[in-house]
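The structure is given below, and queries will be raised subsequently.
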Amino acid sequence: MSEKIKEPIIIVNYKTYTESTGKNALELAKKAEKVHAETRAYVGVAPQLAELAAVAKSVNIPVFAQHIDPIKPGGYTGHVLAESVKEAGAVGTLINHSERQLKLSDIEQIVKIARDHHMLSVVCANNPSVSAAVAALEPDMIAIEPPELIGTGVPVSKAQPEIITGTIKLVREVNKKVVILCGAGISHGEDVSAALKLGTQGVLVASGIVKAKDPYAIMREFAEASKK
Amino acid sequence: MSEKIKEPIIIVNYKTYTESTGKNALELAKKAEKVHAETRAYVGVAPQLAELAAVAKSVNIPVFAQHIDPIKPGGYTGHVLAESVKEAGAVGTLINHSERQLKLSDIEQIVKIARDHHMLSVVCANNPSVSAAVAALEPDMIAIEPPELIGTGVPVSKAQPEIITGTIKLVREVNKKVVILCGAGISHGEDVSAALKLGTQGVLVASGIVKAKDPYAIMREFAEASKK
Amino acid sequence: MSEKIKEPIIIVNYKTYTESTGKNALELAKKAEKVHAETRAYVGVAPQLAELAAVAKSVNIPVFAQHIDPIKPGGYTGHVLAESVKEAGAVGTLINHSERQLKLSDIEQIVKIARDHHMLSVVCANNPSVSAAVAALEPDMIAIEPPELIGTGVPVSKAQPEIITGTIKLVREVNKKVVILCGAGISHGEDVSAALKLGTQGVLVASGIVKAKDPYAIMREFAEASKK
Amino acid sequence: MSEKIKEPIIIVNYKTYTESTGKNALELAKKAEKVHAETRAYVGVAPQLAELAAVAKSVNIPVFAQHIDPIKPGGYTGHVLAESVKEAGAVGTLINHSERQLKLSDIEQIVKIARDHHMLSVVCANNPSVSAAVAALEPDMIAIEPPELIGTGVPVSKAQPEIITGTIKLVREVNKKVVILCGAGISHGEDVSAALKLGTQGVLVASGIVKAKDPYAIMREFAEASKK
């Protein structure tokens, strides 16, 4: 990660919601691009694979895959090849989201594959101890998301600040550089501010944006959040 | 499946080969389209997801996903939603390929999801007994592929004809309608003819086409194969 | 299965409940043995693996494993070998329980391994269509258990009799011989009677027995259930 | 781990070999016990679950499970409950062997469950980076085993000493206390000596003992290995 990325970092995980599928994928990305253009905040989107190329071609913000597999080109029917998503325009990938958990050795291999292809690796972790383990694998970013808060609208940065601070402490003992995001329940600008104050550099967010009545407004609110 | 599909049915599984990734995906599809235009044989292609939309938009032949997940729209990061691949242009999907094997109850659910979305379901099976089990789930097509022959160039239709005939016998006891394809090691027109003579209606093929020096020539050879 | 087995067949799945772990495993088996001795009903138990040998050595009723893996002797750390559980005294095994679901090709292989070792195969299925698929694999028994009713105390035989009758119809089209059990929510003798009237030959039961105040009394009630 | 454990630590992973199944399980444990009695080296055995109780009851050396699941008592058919293997006599468990790899969050949870039940956790890792990640989870022991050397008779301590030293370096940055074992290809006393010299405290070994003509002689050789 370049040191110059303007905080907060906001990565919108499209998951497989209706609101972010098909044509909706592109519309949402256009709104994210607008927020980035207006605020210079780092706003990335992680659409489904079938919409990834169209999104990447149409907007000038970072596009992530939601998952890639620990494979090289070859006979891997139904798997996700780094080369393929990169050529489609992805600059990085989520890894080990709580809805797509992976074996430890696969996480390690995917982080390495991402590095070899100059793709950003954003590894999700469900608690401080797992975050520390992930930190040892030297990904570009860690996103800490307590699964019990995902989709609840209860922000981890407020409900369980000790998870965030505990994570940061453990992670920094192992890895000084990795960017730390938090997620789960983030739906207001103040949740993002709270997350930044606790020491994270941004958020990984899904339903809080994708299922919002006005995703543009919420992303704008997020982008303007600060530590103050 | 319409009764009027002109045999042989040829479905080209792109897997995650370099030769079928990125721009290569579209080039190969164009060749498949040419073969279809010249011979009227049913030639479908199953690219990776990140290339699926571009391929489907550019050619007038059936495009398949290599896999979809047993999910409805919702929080399923990193999974493959039927609605998404359908909107991208897929008319069907491979299911349970030997390189992407699934739990039985998931196969059942995916076949149902495909049916609900008017997508063709092509379920792979590794032996006659498994094929019979699959037949009970009433997919549109079964592709029988002994894993030990995949990628070998040794055609199942010649090396183990009894697997094909045994499969057809068991499948027909359970299901009269399902289309039966065979795969693994198919690389010459005569392998396709052999498969048709044994009672299949076509082939699922990967490296035999994708990694061929002249994929067009081989597809053309396949398309002209007959029971004679 | 011998034709002479006295119905109802009752198989008690111990799962990993406290009430059936350690010394409790043997106590429960002794009660099951008593019920068998008094009623001649077929009462089998499926304890955890670490208690299986002690249970099998101490009682004279059929003992089942809860799972075996599709492996032969070799390098499979942490897996369950048929030879091992058989030598420990198991006469059969559950396969594909909804809490331990398996890939289709693995189910097929395990059924074959069980047959090769003269062990009874009891394959679980979650709906009629999956049951039909399982029937094609020719196991000794199928246990149909709608997962949404497991552990509820709402008996499938009463809440969803059409699932049972639908299953029996589909299964018999594919397989005339397989013994059909039902499970999920069975907790009274009348639930067993209802299951028998619908055409099953017995039940696979867990919490209804294991967590009962008086497991002996409930097993006895089950054993005396009849089609009348 | 008590500080007083006499090195080398030798843990014999029985896997699912014929030579360590059924009655053979106990015979092999008796030999291990003899070696321990004669040399005071730490010799543990990890039999299959169905033989675990009988082995633990008959010998006075540490007995390990080969795997436990991240579960509490409840409805987990076919899974391995810590309480059950502990009551059967296990003092610890292998976790994440390369033949039974686990999701990262499951490893974390199992290590915690083992700790809560005062059981030793021995987590396997396939390379230095994965070992460092495991170290962050604070298990009692890490066993580094390059999968490509498992079962080859080519000792990791000689073929790839840099893997061992690299692992130790990375692990110690994260965790000062964890005991480090190595495995894969260990079949002679000198392989154990080499492993100790590189800074490990012992070995996790399988076929080198289990499939040896004279397992007692080899274990004895191992037990007498030293850094000299």
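Observations on the structure shown:
Think of it as A, B, C and D in the order they're written, each chain with its own count starting at 1.
Here is the rule we go by: contacts are C-beta pairs under 8 Å (C-beta built on N, C-alpha and C of every residue); 3 or more make two chains touch, one makes a residue touch a chain.
Keep in mind that what you see is a predicted model, and the values were worked out from it rather than measured.
By residue number, over half of the touching pairs seen at B-C are also found at A-D, the match among A-D, C-D or A-B.
Remark: subunit A and subunit C have CA centroids separated by 44 Å (rounded to whole angstrom). Put simply, the C-alpha centre of subunit C and that of subunit D have 34 angstrom between them. Touching two or more other chains at once are residues 98 of subunit C.
Contact topology of the protein chains: cyclic, one closed ring where each chain has exactly two touching partners. Interface residues of subunit A, counted against subunit D in their complex, comprise 96, 98, 101-105, 107-108, 112, 125-127, 129-130, 132-138, 170, 173-174. The touching residues of subunit B, when paired with subunit A in their complex, are 13, 15-18, 21-23, 48-54, 65-67, 71, 73-81, 83-85, 87-88, 90, 94, 97-100, 150-151, 206-207.
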